[in-house]
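Think of it as A, B, C, D, E and F in the order they're written, each chain with its own count starting at 1.
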Amino acid sequence: MEEVNLVAESFKFMFLGMGVVFIFLLVLIEVMKLQAKIITKYFPDEEPVTPVTKSSKDEEQKRVAAIIGAVSEFRKNKQNKV
Amino acid sequence: MKLKQLLLSLLFIFTIAISSAHASSGHDAPVIEEGKQEYQSKTLSELASSFWATTGINAILDTDDGEMTSEPAGPSAERPMTWFESSLGRIIMIIIVFILFYLAIAKNFEPLLLIPIAFGGLLANIPLAHMGGEHGMLGVIYNMGIANEFFPLLIFMGVGAMTDFGPLLANPKTAILGGAAQFGIFGSLIGAVAIGFDLQDASAISIIGGADGPTSIFIANRLAPDMLGAIAVAAYSYMALVPVIQPPIMRALTTKEERRIKMGVLRKVNKLEKLVFPIVILMLSMLILPESTPLIGAFAFGNFAKESGVVDRLSDTMQNSLINIVTIFLGLGVGSKLAADKFLVVETMGIMIIGLLAFSAGTAVGVLMARLMNKFSDKDNQINPLIGAAGVSAVPMSARVVSKVGSEERPGNVLLMHAMGPNVAGVIGSAVAAGVLLSIFK
Amino acid sequence: MKLKQLLLSLLFIFTIAISSAHASSGHDAPVIEEGKQEYQSKTLSELASSFWATTGINAILDTDDGEMTSEPAGPSAERPMTWFESSLGRIIMIIIVFILFYLAIAKNFEPLLLIPIAFGGLLANIPLAHMGGEHGMLGVIYNMGIANEFFPLLIFMGVGAMTDFGPLLANPKTAILGGAAQFGIFGSLIGAVAIGFDLQDASAISIIGGADGPTSIFIANRLAPDMLGAIAVAAYSYMALVPVIQPPIMRALTTKEERRIKMGVLRKVNKLEKLVFPIVILMLSMLILPESTPLIGAFAFGNFAKESGVVDRLSDTMQNSLINIVTIFLGLGVGSKLAADKFLVVETMGIMIIGLLAFSAGTAVGVLMARLMNKFSDKDNQINPLIGAAGVSAVPMSARVVSKVGSEERPGNVLLMHAMGPNVAGVIGSAVAAGVLLSIFK
Amino acid sequence: MKLKQLLLSLLFIFTIAISSAHASSGHDAPVIEEGKQEYQSKTLSELASSFWATTGINAILDTDDGEMTSEPAGPSAERPMTWFESSLGRIIMIIIVFILFYLAIAKNFEPLLLIPIAFGGLLANIPLAHMGGEHGMLGVIYNMGIANEFFPLLIFMGVGAMTDFGPLLANPKTAILGGAAQFGIFGSLIGAVAIGFDLQDASAISIIGGADGPTSIFIANRLAPDMLGAIAVAAYSYMALVPVIQPPIMRALTTKEERRIKMGVLRKVNKLEKLVFPIVILMLSMLILPESTPLIGAFAFGNFAKESGVVDRLSDTMQNSLINIVTIFLGLGVGSKLAADKFLVVETMGIMIIGLLAFSAGTAVGVLMARLMNKFSDKDNQINPLIGAAGVSAVPMSARVVSKVGSEERPGNVLLMHAMGPNVAGVIGSAVAAGVLLSIFK
Amino acid sequence: MEEVNLVAESFKFMFLGMGVVFIFLLVLIEVMKLQAKIITKYFPDEEPVTPVTKSSKDEEQKRVAAIIGAVSEFRKNKQNKV
Amino acid sequence: MEEVNLVAESFKFMFLGMGVVFIFLLVLIEVMKLQAKIITKYFPDEEPVTPVTKSSKDEEQKRVAAIIGAVSEFRKNKQNKV
């Protein structure tokens, strides 16, 4: 058993290892292509029709309210340090 | 009001007083105090000299004090330290730790891991404190999550939750580059065997070429726990050195024309593709290589949680508080392997050399594979071979390096997104390679 | 600057080199490497075929490979898998996991728990990886916090910190509804015994009728750990199905007039009442039913921390990072019980049926009790019997369902706050019922 | 849509049904259920009376029921409770817990620790639940992080990340005040021995004078774990009482003129000084007193992480989610030592008295040392002796008290920053003193 | 012992269980009523007289300062992702 | 051994303990002074020349953008409570 040529063994490991890595990734590539085909055909993303035009004043008020909210959140989280 | 407070406190003490009276009548048996040795009177100078014996100065100067190594596995794994380990070795390690601090802080080399690791190393080299032992802070951490490989998996889960597979899904064939770069692992395995490591140790070392911290720690822990510290430090150091190591190799192996290749805009990837993808990877690794499923499973879970869009509070936690807590612990625990008696061994030298070889080989083969692919592709579909270098992973550092080198050659040529494909494929590739090595030594 | 970095790195390596020389002179004894088997040379085809033996495909196809089950308690608890468990069973479980993913993501069925549980189930069914075993990720998690019931209690603590007892305090008598709905537990216990479960298993199953995840896991772990996976999945699934299960029953057992009853505005509850209340509950359960105090104690602690108002950083942590981290772990750990060899047993079928029965019975008795209470109340003080359905707990889902059904009958009739009273009382009621069952089998 | 949901659920159940059929054919051997006792039929009245035996009322009334104490170390460490411990003692402890709640909530006395500790005490005194035992929630927590001293170190790490050494670096000589105040420790050690404690117990108690929670818990756990609860409660209570205890002593030992002394603006400290300082402290304690390095190491790590500026996400985590989680657990775990059988012993009375003495002595000697220093300083360089009181640590409470007293004497005289120097030096001083005590009893 | 009628036993469990649950909750209801009576009588919440009228400009400035603070907090927390 | 005078022992502890504490802190003081001298001489902090004057409008816009960002961050973090 002492005459095992370790370098030769490590070459075998390399063949096995690189082989498995490539097989894995090549299969993965094919699956990616396949799933892209299926999904874009049968389950396309719905385009969410974003309502861009909106009463801007209303929006503005909401935003300010949200900011105040955010800030008070912050204060609450900060107030009680050990 | 202050009076009231004092009165209340008095009431408090009073209540105890009453009950103490009762209590004292409650048990009459003499209390036998266990675990205490009988105290021997000492003169002040005796006290001072016995104090001196417990100072660190004495421990470092007196090299023959029979101090034992610290082992998280407990006293049965301990052995007496050599004179070198208990004195000069510690000083050398502390210098190394300071160099790591310098690199992390001044040079911004992977500070999130190197600072906890180096600080853990500092603590592990303190004489007499046994912080790396079974009951020391570092030893407790080590047993909590490193000996059982739990922390690396949690980190991988968090990294999964931060990863976007979009660029890979948009251009699947770039996954091949992430495979080719794994030559860094197997090529350096041959090198490690050639310089005298046995096959199992060589395999543990070669995983540095995966350029992926948690994977390295996971494998080192399984195949060669003695070398965990050196392997982790090498992995993170070279990941940090990616901007120094990679560009010369990338330039040497490509023509200027190739480096100037422009690549088209990536298609927008469907949400469902991203959602399904982590499951696909996991299923594939289940079928081909179950040994890799702890790593890939943790990664896929994090990614799936993120892409599901319905458990944002969990995926935020994975990406923030959980990964931060685990990073602190993982670093300190790995740092415990930087004790002089564990790190300053001949093997560490070899690990550092092989690690550098591994990064270089991975980069080179990644780039060459990209050139090879171009030979088989039509004119309109050429890839910029620089992105092959991103296949080593070191996410997202090497993708950024690719982008930087690319835009130096042709200003405005942004390769970042194209490089992210091989980059994340490299993470999967390393996990697969890790699984192969584990399956061999099972 | 890059040069400087390289120089520093070289210094780093150089330091190691010097010390390595020292180190090597330090110990001359041959290193005896333990835990490594002697490596036997193999030809490439031998390597490939031994690799094939470790693939998942082979493990699924070869049903007679003597694979053992995975048990967090360690090898002594393991047994060989049957052909079904190691092949077809796994495939069925993976299909079930995909159905759970679909329900969680597309239908938003309790995703915070179902996604980690289902993913844990996926990992637990991977062949050869033994992720549910003592040293696997899921097994480590299981032993860390499920075998000792720690995680369910932490979840309960977080839920306590999120709960507002205001509505219950404003209208105490609605607590009776939270009691009546516990008939779901005891009625289904009879059902479970009738179809053949023994008393202890039947008790563990019947707690699904408590409509409370942590309580179910806590009890299942004590009384019937083998069925933990199925019970947890049933509990969370039916909690998610509350909007489907409850409305028909609610409508069948009430008249349109009753469903249209309006309830007055609740009084504002004093802060001190809220502060004292968790302590009151805990004292009461201490006096009457100490067996329920782990659950009620954890819940009360969370609630008390919140209402105290002086430890917001702790109560925030309970409600956020802590509960999130624990939810991830709890889900994965429970998921380990979705391994084919544990989940695909005849009992699971019974658990699913009894669980549905339990939810239905609880809803029905809650509603009927509300009608009964109206018989004994004066005209001005009638309650809308729909809120009885909220007594099953499933906080806050069933209270929302009540509110929705109520406003369908009479637009503008908002019952949400009125339903929250029985809803939180149902949580306490279930914990009390759990304590009774534990005390019987102590 | 609801129909679809039901159909899916049916499919789900159907899949299980099929597989169950298979499963049932899979193993024919009779399942031997272990761990279950054979169930004996009981009449309703038998059930009710056996239920009565498990109520807490009965457990408190029946003082002779042979109930055992709860010990995290497991059954071998348990002993039968005395009548006092199992009945009246519990009631007294619950009253004490309520007083602690009152002080924490109404008086804002260190609520972050006292609320979890007191709640843990409440849970620990619940009869029959054995929450402090090996398998109880508190016992699990205790074994997880208190028995091994992990939690106090994590707290210290977080405190380190919150500490700014700037004021100390700007005025180094104020460190002497932080040393002088440690007389609180050693003076009270003499007192404790004088009233009858043995040397080891006296040392554990005297550390209360360090005015530092984690240090007290760390030392108590090493030297006198039986008294951990009382020591922790005393330490935190007196830290909370600092605004009551210190001012009279400060005023008694200084003249009005001295209290009105103004101190110059502190110089701006260089960033690099702050960065290097935690490492300097750690190196020094390594050389002089390795026994103190767990405490100082954890503290220095937190501070170094903060000052490095490159790992903000880790230092934020130490200061927030991690310290909060650990605080919850530490408090509950320490609270388990408030069980009547552990807290209501004669020693507690002594601990309370010695603790008060320790705080007072530390304050006094700190102030006197400041006056002494002034004797040796020139006119322009006088320090306000009030800041000596901040040397006891109790960060940042005592520095605030100093500032308040100072500005009462001379409005506009802000001593806060000057008091922070002795304050943080006091933390180091206590850790050093703790190391000395540990090294004596090693 | 084999002749134990389990269904009969489970009925007994139901009586015991529902009985205890109801006793518990009925006692709880009485305690809630009692504590409400005592607390609202002896320890009423102090109505905090919120000073609504205040120099609005002052307020506005403070609010803006708070928002800036909040935002800079955020930036700090975000800057340093792994 | 029974005749050990514990109080005398504890006095010795005090001398040892206070001695070590003072030695430690005195050394620390000297080191602090030394490091201050070295660092302020050889490694002074670079004064970052803060560009105070800048198109304020530009700044303002950035600030608003940041606020909006902060708020939407907040909303995202809040939306998904258990």
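As a convention for this text, a contact is a pair of C-beta atoms (placed from the backbone, for glycine too) under 8 Å apart; a residue touches a chain by one contact, two chains touch by 3 or more.
If you're wondering where the values come from, they're calculated on a predicted model, not measured in any experiment.
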{"item": "From chain F, the most remote chain by mean C-alpha position", "value": "C"}
{"item": "Farthest chain relative to chain A (centres taken as mean CA coordinates)", "value": "D"}
{"item": "Selected pair, greater C-beta contact count between A-C and A-B", "value": "A-B"}
{"item": "Rounded Å distance, chain D centre to chain F centre (Cα mean)", "value": "21"}
{"item": "CA centroid of chain A to CA centroid of chain F, Å", "value": "37"}
{"item": "Centroid spacing, where centroids are CA-atom means, of chain B and chain D in whole angstrom", "value": "32"}
{"item": "For chain C, residues contacting two or more additional chains", "value": "39, 47, 51, 112, 198-199, 288-289, 310-311, 313, 316, 321, 327, 436, 440"}
{"item": "Sites on chain E at which at least two other chains make contact", "value": "9, 13, 16, 20, 67, 70, 80-82"}
{"item": "Complex interface listing, chain B residues touching chain C", "value": "82-85, 88-89, 92, 95-96, 99, 102-103, 107, 148-150, 153, 198-200, 237, 241, 243-244, 275, 279, 282, 286-291, 293-294, 297-298, 301, 304-305, 308-311, 313-314, 316-318, 321-322, 344-346, 348-349, 352-353, 436, 439-440, 442"}
{"item": "Chain F residues touching chain D - in the complex, by the definition given at the top", "value": "6-7, 9-11, 13-14, 16-18, 20-29, 31-33, 35-36, 39-40, 43-45"}
{"item": "Touching residues on chain C, where the partner in the complex is chain A", "value": "38-44, 47-48, 51, 310-313, 316"}
{"item": "Touching residues on chain D, where the partner in the complex is chain C", "value": "2, 5-6, 8-9, 11-13, 15-20, 22-24, 26-27, 33, 36, 39, 47, 51, 54-57, 59-60, 101, 104-105, 108, 111-112, 115-116, 119, 122-123, 126-129, 131, 135-137, 140-141, 320-321, 324-325, 327-328, 332"}
{"item": "Touch list for chain F against partner chain B, complex", "value": "1, 4-5, 8-9, 12-13, 15-16, 20, 76-77, 79-82"}
